[in-house]
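Notes follow once the structure below has been shown.
Read from first to last, the chains carry the letters A, B, C, D, E and F; within each, the first residue is number 1.
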Amino acid sequence: MPFVKIEMTREGITREKKQQLIKGITDLFTNIFNKDPHLTHIAIQEIELDNWGYAGAQISVLREKGITADKK
Amino acid sequence: MPFVKIEMTREGITREKKQQLIKGITDLFTNIFNKDPHLTHIAIQEIELDNWGYAGAQISVLREKGITADKK
Amino acid sequence: MPFVKIEMTREGITREKKQQLIKGITDLFTNIFNKDPHLTHIAIQEIELDNWGYAGAQISVLREKGITADKK
Amino acid sequence: MPFVKIEMTREGITREKKQQLIKGITDLFTNIFNKDPHLTHIAIQEIELDNWGYAGAQISVLREKGITADKK
Amino acid sequence: MPFVKIEMTREGITREKKQQLIKGITDLFTNIFNKDPHLTHIAIQEIELDNWGYAGAQISVLREKGITADKK
Amino acid sequence: MPFVKIEMTREGITREKKQQLIKGITDLFTNIFNKDPHLTHIAIQEIELDNWGYAGAQISVLREKGITADKK
């Protein structure tokens, strides 16, 4: 407790970025809730672009049209 | 809101059928709940046949025996 | 197969609308994938407005500001 | 994309702490992956202590014995 | 690792039965995979009968018709 | 009802062990709750070692250091 499940599109996520995310989320639970980090488990699920739908369309189609998820 | 997670066995699901499913579910949320489609996310998780259990057996074993999930 | 998990904010969802959603999603799996409806399970999880975050804010705070999820 | 689902035991989590968590996780996705925060959704699921098992025991039983999840 | 999430209909599940289930599943992971039980977390999610769909219908409606999930 | 989702690290899990787990969990639901096994679905999700975080670190890093999940 807690278990954190992350679903995100599979788009070039490096091992280093995954480690940063895991460290960052674990620290949030320790800092906000004083949770023992040995009780914090996190799983990252990368989803193929054909398998994620947003606004009724596949992400793969949106990406082909040049629509990204980037912060402007 | 909403987020829809679909778990289904990996059995020849085409890109076109995934798109139909994504469009169909998104439309349901718009039609029934008046949800802005930009807030509807859908993720399809295809599960290997060895990894899905039904009635105590692996789907891969059921398929080898000729048992399908087809509507009769 | 399939199992569909729906996470949505708890905001006055009636029993009738849940039934429409369940029927609609089950029909999509039958029509698109020819799935036996006795193998389609759907669970709706209603999430309290304090417990859903969007763009870094709680939905309860967004609703207090008059920001809705309605389709315009 | 992403959708983050947090499962944690229901033990006096205040509205303010939930907001801190939501803000912190959203910022991680923006900072590490440059994700538009309008695409980051987070749902917190609080689980009753009778309904979480750890090391074969219910958390409610562990808490009655004085065993906590606190960082030492 | 592992994390086990159980979704089941809320129908008079006692604390004792939950404990039996938690103990039984944890033991399976230890016996089959030699997993340290301190790494096995289990969460039970009870779903309201209006919120579970099976074969296109709400479980609450099926129960009113006398259809149960009991093993014959 | 029930649907059981298992998330575990992908570390040499054989087809036979998956079958044992599926059979074991299905039997628990039948024995404890008298559930019809035709209503028990189980999905096993194997997570890459880079994608699971425990105590703030990737499992792949822990394994490189010789830290296992084995019961002592």
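One rule holds for everything that comes next: contacts are C-beta pairs under 8 Å (C-beta built on N, C-alpha and C of every residue); 3 or more make two chains touch, one makes a residue touch a chain.
Note that the coordinates shown come from a computational prediction; the quantities given were computed from them, not determined experimentally.
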Reaching chain F from chain E through chains that touch each other, fewest steps: 1
Identity of the chain that, by mean CA position, is farthest from chain B: D
Distance between the centres, which are taken as Cα means, of chain D and chain C, whole angstrom: 21
For chain B paired with chain C, centre-to-centre distance based on mean C-alpha positions, whole Å: 15
Interface hub residues of chain D, defined as touching at least two other chains: 1, 3, 5, 7, 21, 25, 37, 41, 43, 45, 47, 52, 54
Overall pattern in which the protein chains touch one another (line/ring/star/complete/other): other
Pairs of chains in contact (touch as defined earlier), listed by label: A-B, A-D, A-E, A-F, B-C, B-D, B-F, C-D, C-E, C-F, D-E, E-F
Touching residues (chain side chain A, partner chain F) in the complex: 5, 15, 18-19, 21-23, 25-27, 37-38, 40-46
Of chain B, residues touching chain D in the complex: 1, 3, 41, 43
Touching residues on chain A, where the partner in the complex is chain B: 7, 45, 47, 50-58, 60-61
List of chain D residues in touch with chain A within their complex: 1-9, 13, 17, 20-21, 24-25, 28-30, 32-37, 39, 47, 52, 54, 59, 69-72
